[in-house]
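Two complexes are shown next, each including chain A; its partner changes from chain B in the first to chain C in the second.
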Partner chain A sequence: MGLRRYLASKTGWYLGALVVAVVLNFLLPRLIPGNPVDVIVSGLGQGGLSSEAQRQIYEQFMKEFGLDQPMWNQFVTYITSIFQGNLGKSFAFYPTPVTDLIAQSLPFTLVLQIPAILLGWIIGNVLGAVAAYKGGAWDKSVFTTSLVFNSMPYYCLSIILLYVLAVMLGWFPPGGAYSLGNSPEWSMAFFTDALQYWWLPFISLLLINIGGQAVGMRSMAIYELGSDYVNYSRSLGIGDAKMTTYIFRNAMLPQITGLALSIGTMVGGALITELVFSYPGMGTLLFNAIAANDYPVVQAVTLIITVAVLVANYMVEVLYGFIDPRIRASKSGEK
Partner chain B sequence: MTNISSNAVTAEAEGPLVPTDPTPGPKAKAKPAWMNLNFGPRLWVSLGIIVVIALLAFVGPLLYPYGPDEKVGSLYDAPSAAHWLGTENFGYDVVAVLMASTRNSLINGLLAGTLATVIGVGIGVVAGYIGGWLEELLMGITNIVLAIPSIVILILISMSLQSTDIPFFKGIVGLALVIGITSWPWTARAVRAQASSVSTREHIDVAKLSGARTPGILIRDVLPYLASYVVMAWVLQLASAILAESTLSMLGLGPSGTNSLGMQLHWALAFQSVATGAWWAFLPPTIVLTLISFGLLYLQSSLDEVFNPRLRRGKKKNLAAAAKRREEAARKLEEEMKAPAGVTEVIV
Partner chain C sequence: MTKSLMRANNLTAVYAADSGQDVPAVDNVTLELPEGQILGLAGESGCGKTTLGTALAMIANPPLYVVAGTLEIDGNEINLSTLPKNANQVHRPYRGETVSLLPQGAMNAISPTLRIRDLVVDVMRAHNGSVTKADALDRASDRLKMLEMPTRVLDSYAHQLSGGMKQRMVTVISTLLNPALLIADEPTSALDVSSQKALIEMLLAMVEAKIMRGVIFITHDLPVLSMVTDRLAIMYAGKVVETGRTEDLVNNARHPYTAALLSSVLDPTEDTRTKHVLGIPGSPPNLGNPPSGCRFHPRCKFAMDVCSTTEPKMLSEGDHDFACWWAKEHPRETIPMEVTHA
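Now for the complex of A and B:
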């Protein structure tokens, strides 16, 4: 009963969050006085277009994006087109569909972020636990370095790494995702080429993620080390190795929820990291879209980020339900 | 004699860094309560970093000869005796721009961080103390806002703000308001847990029986118990607000026409300073941002150790000394048990 109720309540919350997120995503860009098309068209006006041509473009855009209709109709159209996998057309690269632009950049973001988040989480937790257990110089050095990496904004580390390793030492190519003249395709040649460009942004994300997790794990493990069951087991003469597994498992549980909470921040930071390395992922796409006032693209990118973060969080919470024995145990509990 | 030594032993067992004197004289008793808090070296280091940066931001511009809007050179002039860190892409003095940027970023952080803390603590205390359906509702809202990545909301709102004509919302204050009203949820959640545990304590019942009103109880009987927690949350909110501002600015959503650390980095990246090796344009804001963030997080973690003795780790030297003393005490005790009273002359 316990597990099922836990899963049901989590599902309910995440569905609620999803609905709110989609509504906000729809509503916020429409809250500005005037509308996105005004901004675009006035930009065109500065480019020297006649007012008649401007008016025509304005009306065409208004119709194309359905902005001349009442808000409620717009919302219904918005929702139905999302379910049809249609995210509209880009303003800046009219008439390229937004989905095409995203299909080009999403793979780069995924190959960068997923390994960095997972590996960072695993390495960070092990380091933090070891630091807490060993104490002394180990603790001091691991804690201080992790804290530095943890508190460093993503892009600051990226900028420093880029400058030192790529520009000064020339070990890595200084930005981009593949060599000039190469284009994304499924071939070994492209893959090895892209790998060289992948390392530097990956390392900079990984270091920060390790730092954040290690700091959290260390304080959890220190907290566990001081608890009653540890003292009791010590008095029973239980060996260090056995005890470490107990402490690790108990300190691990809050770290799993910690992962769920930090995915959003990690993704946000990673977007800027892409920008620093001019890595052609979602972050760079977002940046260019913001600069060009390309509302459909911005809205699509923010929607995808939100959905991805919510799904990732939801999966972590479900996993937590299966791992935490207290939730399983309440099955045969009072109720 | 044994009394004194056993005193020392219990003091050590409580925590090796607790500043206790085995023989508390009248002088030690006269200390005010805050002096007994354990301000470790970490706290002083982090406070030092923050004070230096605040001086740079608020006192520096008074002493430095150039202003942040004085054109003194061309694109990326190298550092010289007159301009310590050269010029940036528009030909402004980097040091002058850096000081103005730091000041604006700090002001932004203070406004946004304080706003977020006030909202978070307010919601958390009310939800935790009053409970019932109000708690369910407030925490429901909190959990939903917490699940949606705040960067997304920030991007969408500040993109709308950019095309408004109201100057108030375009500047650093508007950005701070947006950051403040989007980053309160985790403070609210954490404060709620604390507040609901405080609300079951006896002194709350006493206050209720003596006829105190709910707002009075919240302010006089609940909040003081959360004070240490609120201070730490505030420090974290400051750091995250400053970082949120620089993230938005780097995406090109910063306060247009104003200096901030994020804007400085934004321009440095836009004008290819990293690729061309103009380190003086991008390194100073990077270092200042890192120092601010590191200083605040370090301050938070050392405050955590001051307020929460369980996190405190003893120095190895102290631990060894404590073990030795305990051994000594045990040996003495054993001797005393064996020998008849009065024979042992214990040296302390």
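Now for the complex of A and C:
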């Protein structure tokens, strides 16, 4: 009974959050000073167009993008198009539809992030748990190394790796996602080529993820190892293997949140890593769009991130309801 | 004296300090418990009562090491030392089945993500791999019915139970396998008075029903001890200074520390309002560097020259053992209780 009420209340909250997020997503880019059409038209102006021609183009663009409409109308159009799967056309790459731009970038980001996050999570948690359990020199070396990777700014680690592995040793190409003259397609030749470019950003993300997870897991496991229930289970003759499952179940809780959050924010791309390695994922797309005041692209990317984060969080809350009875009880007011 | 249930011989347990020096918290203690009786273990905080309980329950964890001692129980002689590499494997089968622990404050004794019934099954299976889930749960619910507790608690998580209920549930789990010896380490200290009473009545009923054949009850709550125990052992600075039948100790203390400890509690009588508790002057010694001779001599009103140089041997007067030079020179004389009238 508690579970059903818990799920219903969670679903309600997340739908509400989604509505607020979509409204903000619509408003925020429009509150940034600077009209994108001004930017486009002034760019044309440098080509020596007459001011009359510029005015005509300006008006046509305003109409085309619906910017001459009142805010309220723009919002209705925006919502309707979202439901039709239409995210508008890019200003900067007019008239390319935003969905095409995303379709080009998203696969690169996913291919990079999913393995880095999952592998980093698994390796990091195992390392952290082992460090906590073994203690001593094991713990010291794992903990220190993890802390270094976890605390180091992304760009710092990325640049060091870039310099050592690509420039000094020349093992990997220093940037991009595939060789010049190649283009994304479903062929073996493209994949082997792209794999070369994939390793470097992948390794840098993996190391950072391992570091973060290992630090978190280690402290959770140490805390759990010292808790009363471990001692009591021991006094009842329960074996080490069984006890490890108790410890893991409790130590895992915050780690699952971490995993869900990174999966949620994943679609936003690893902004800095992608920029350092000139990797054409969602991070690069978003960065360029912001620089160009490309509203539709910015909005589309933030919308996708918002939805992904909300969905991931929702899944965590549902999962928690099953794993941890205390959360279920306190959230549904059952106590 | 009736048949002995257990005997702990020459038990020494040390805490390994960072300085590299070992601090003996339990120093060469020998303790005996007759079949079917409750032995109270009392003393100030830090005297080693809980450490002794931990060593007997075979769950000493670094930095605590049991360096010597054997436990004779149930026809077994168990080496309690945790120094051998395989100590954990040797001790595990005895835990819960031969010697079980009822821990201090059961609040966090059960993993928060585990239903009570899962713990019950795990405990039974830890000692007999072939027990089915249903059998394990049957046994637990029979036990609960016998103790007049609701069987629905088996379906609960720890956080759904009240403090008193949790402590009683933990007691049921600790005694599920009918351990020969139950070590109850301050089981009542976190409970309100009515829950304390319920728990103690339950423990007494369990001894009566022969669920366990002996209990070591560790507490500094002296009124509780004198109410439930058959025998008392008083510890001071890692040593047992006096043991005997409860009424002998209460009425005829032979060690000045026992006398001082007992006089620090007032029995509610007509003139209680006019009495003052003096307490014991000074504070417990540093176990890393205990006083020479009798460890209590710096705080003892009856101290003589010999007390500061030579450690007193255990003496017996019938079924009453004590280690005190003053008592040796004053046979069968009760130590005067230190209560003054205002």
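As a convention for this text, the second predicted complex is superposed on the first by the 289 of 335 C-alpha atoms of A that agree within 3 Å, B and C clash if a C-alpha of one lies under 4 Å from a C-alpha of the other, contacts with A are read in each partner's own complex, and residues count from 1 in each chain.
Heads up, the rule we're going with is that contacts are C-beta pairs under 8 Å (C-beta built on N, C-alpha and C of every residue); 3 or more make two chains touch, one makes a residue touch a chain.
Owing to the predicted nature of the structure, the values given are computational and were not obtained by experimental measurement.
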item	value
Touched partner set for A:232, first chain B, second chain C, both or neither	second
Comparison of chain B and chain C by chain A residues contacted	B
Partner chain(s) touched by A:326 [first = chain B, second = chain C, both, neither]	second
Partner chain(s) touched by A:315 [first = chain B, second = chain C, both, neither]	neither
Which of chain B and chain C A:298 touches, first, second, both or neither	first
First, second, both or neither for A:151, with chain B first and chain C second	first
Footprint overlap on chain A, comparing chain B with chain C	none
Residues on chain C engaged by chain A in the complex (per definition of touch)	57, 59, 61, 92-97, 100-101, 103, 105-114, 119, 122-123, 126-127, 157, 159-160, 170, 173-174
Touching residues on chain A, where the partner in the complex is chain B	13-14, 16-17, 20-21, 24-25, 28-29, 31-34, 39, 135-136, 139, 147-148, 150-153, 155-156, 159-160, 162-163, 167-168, 174-175, 215, 219, 222-223, 226, 261, 264-265, 267-269, 271-272, 275-276, 286-287, 290-291, 295, 298-299, 302, 305-306, 309-310, 313
In the complex with chain A, residue positions of chain B that touch it	140, 143-144, 146-153, 155-157, 159-160, 163-165, 186, 239, 243, 246-247, 250-253, 265, 269, 274-275, 277, 279, 282-283, 286-287, 289-290, 293-294, 296-298, 301, 304, 310-311, 313, 316
Complex interface listing, chain A residues touching chain C	227-229, 231-239, 242, 246, 249-250, 323-326, 329
